[in-house]
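Common to both upcoming complexes is chain A, partnered first by chain B, then by chain C.
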Partner chain A sequence: MANSKLYKGSLSTIILKLLDEEGKMYGYEITQKVKQLTKGELKITEGALYPALHKLEAEGLLDVEVAKVDNRLRKYYKLTEQGEKETVNRLAELEEFIRSMETLLNPKWKLL
Partner chain B sequence: MEKRLVNQNQIETLHSFVRSHYVEHLDVQIELVDHLAQGIEAQWNGYPERSFEQCLEIEFKKFGVFGFMEVVEKKTAAMNKRYRRLLWRYTNEWFSIPNIILVMGAIFLLYIVLGSEILNAIKFEILVGLFMVLASVALIRTFHLKKQLNNKPKKWLLEELIFNLGAYLQVILLPIHLLNFNNSLGLLDTNWGLLLWSALVVVSVLLYILSAYIIPAKAEELLAEVYPEYKLVY
Partner chain C sequence: MIQHLDKDELNFIDNYLRNSGFDYLDVRLELIDHVASAIEKSMEEHDLEFYDAFKSYMVVNKKGLERNYELFKKRLQKTSFLVLGKEIITPKFLIFFCVAVTVIYMWNKFSTDPFPYAQSVWIAIISAGLVYFFGTLPKKRYRISSLEMLAWPLVASSYAMNLYFNLWVDDSYFLLKWPLVANILTAFLITAIAAFLRLFFLKRKQTNTLLAKT
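Moving on, here comes the complex of A and B:
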């Protein structure tokens, strides 16, 4: 199941949800958090994570903060006000999608 | 046991490594270097016997067969979007009432001139000429700005877009093709067609002034606004 293509379309929603819960996070932290939460079932690849973050940033959903950590600069992402609203919308969409999939996969048969 | 960290020399090596893999802009480099450094440190946590080079190789492989290419490509697309938003912001700021009157006046004047008896027969050639002159001027300006950019030791993606006039040269070629098409349809012989093309010339000049002079003059300010790391680096 690991790295299933099924997750691909939901990557930005996963990122938004994590940032909503954690406040601010950096790229590496996001990959590790997802791995930890899904017990290694889902691995966000580096090649997919950063493009998704940069796209969300360009859309105005994420804001960036930079801090010097150890001997290098670290870029933190956090939700903007618009990002917070969009998270609610996207989560609602995703939940609706999950419900529809459940109905499709486990239809409740009725006797007429 | 104390956590083993990537040292300053190794950070420099990581910068050279990402640069050698076609990541030339500092804003993209900073993020990738931190990511690689963290991955290496995490490996040292579990496998302290691994060398820096071995760990780096493992981390780089996680980016897939295309390496950093996709990250750079998508970052450029995202930054282009950001540039267009900046251009839009400055266009809106520029449109004060006196400037609107100035633009309307210029459109109307060009419309009258092109529609006059003397020039009406060669209006197509004049319009093509005007766009060609604008494209040539933009090309010279781009060369001039590029020279300035090449002298800088650190490059930022947005800075490169600004100094490249945000692909103005590619955009300005579009009306020349459209003009040819419009002429063959006879649209230039209608009043509305001529008015529309007069407006397109004026808008193109305005966009040129914005992208070639106004935005580059504010480059430092914009970089500091878009990149929180800009002030930390300088």
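Moving on, here comes the complex of A and C:
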């Protein structure tokens, strides 16, 4: 499994991106989708996922819908209008970060 | 085909979580779904019985669940004032505040007696306290985080008002010298209590909807 600390700062962006693509998702579904997309490299624990979801909800970026499914209540998360705008910003920030890391790790040497 | 847990098995998970200190029903409901989904998958993939799948899951994940719950409780305390603050700056409560300032100002201008600052605010505090107490009393078995988070601003408002009146209300010099400051402070405190009451009834409604679905 990859070093999960490296992913920690990007967790909320990963959640926003997934919700942007899938429309609405519930907690367990998010963990499974991430596991599937990263071929098991990244496993999001409940201890990391739910605090991140609740924080995004408190910031007004996510909306919640509760539905009864298979004898139990299920909480679905989806992006608010503000959340959709914030997803674009955060993805741009993340892409910029990845570019900077690539430059740092693989500098192109030039002869002066 | 995936086998879904029955009501007894879901109740087993609920009781286990409640006995492990997961008090808030709204948070527990989300965890029940998460744990149940994981157990159903494990039962299907490894051909396990419910109890064995449950035990395997808890051995690996219980610490993570507890950590999540502790973080949630900490955040609840931090965000409670933010939620009330956001409510106060909505247009309807800004209008409410302006009306309160105007009423107190007009009272002081046209009435022979000064505005009864202390009495009006204490009535608001007692009303809010009674609503909170009787509103949550029937649901003590089901602790709801979003309702309890409102207790913090209520307690803080009570202390703020207590401090305010202990310091100033008997001091006629203050009221005479800075009547507008006394006016604005009183109007703000009344607005905070009104915003608290609105949030309280909103959360109560959400709670009842949630309980009706269980």
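In the analysis below, the second predicted complex is superposed on the first by the 110 of 112 C-alpha atoms of A that agree within 3 Å, B and C clash if a C-alpha of one lies under 4 Å from a C-alpha of the other, contacts with A are read in each partner's own complex, and residues count from 1 in each chain.
In the analysis below, a contact is a pair of C-beta atoms (placed from the backbone, for glycine too) under 8 Å apart; a residue touches a chain by one contact, two chains touch by 3 or more.
Since the structure is predicted, the reported quantities are computational estimates derived from the model, not experimental observations.
Taken together in the superposed arrangement on chain A, chain B and chain C clash. In the superposition on chain A, contact of A:57 is made with chain B only, not with chain C.
Of the two partner chains, chain B is the only one touched by A:65; chain C is not.
In the superposition on chain A, A:46 contacts both chain B and chain C. Using the contact criterion defined above for the overlaid structures, shared-chain residue A:75 touches chain B and also reaches chain C. Applying the stated contact rule after C-alpha superposition, one finds that A:27 touches each of chain B and chain C. Residues 26-28, 45-48, 50-51, 54-55, 58, 66, 68-75 of chain A lie in contact with chain B in one complex and with chain C in the other.
Chain C makes touch with chain A in their complex at residues 4-7, 10, 29-34, 36-38, 61, 63-65, 67-68, 71-72, 75, 79, 82-83, 209-210, 213-214. Listing the residues of chain B that touch chain A in their complex gives 5-8, 11, 30-35, 37-39, 42, 62-64, 66, 70-71, 73-75, 77-79, 81-82, 227-229, 232-233.
The touching residues of chain A, when paired with chain C in their complex, are 26-29, 45-51, 54-55, 58, 66, 68-75.
By the touch criterion stated above, chain A contacts chain B in their complex at residues 26-28, 32, 45-48, 50-51, 54-55, 57-59, 64-66, 68-75.
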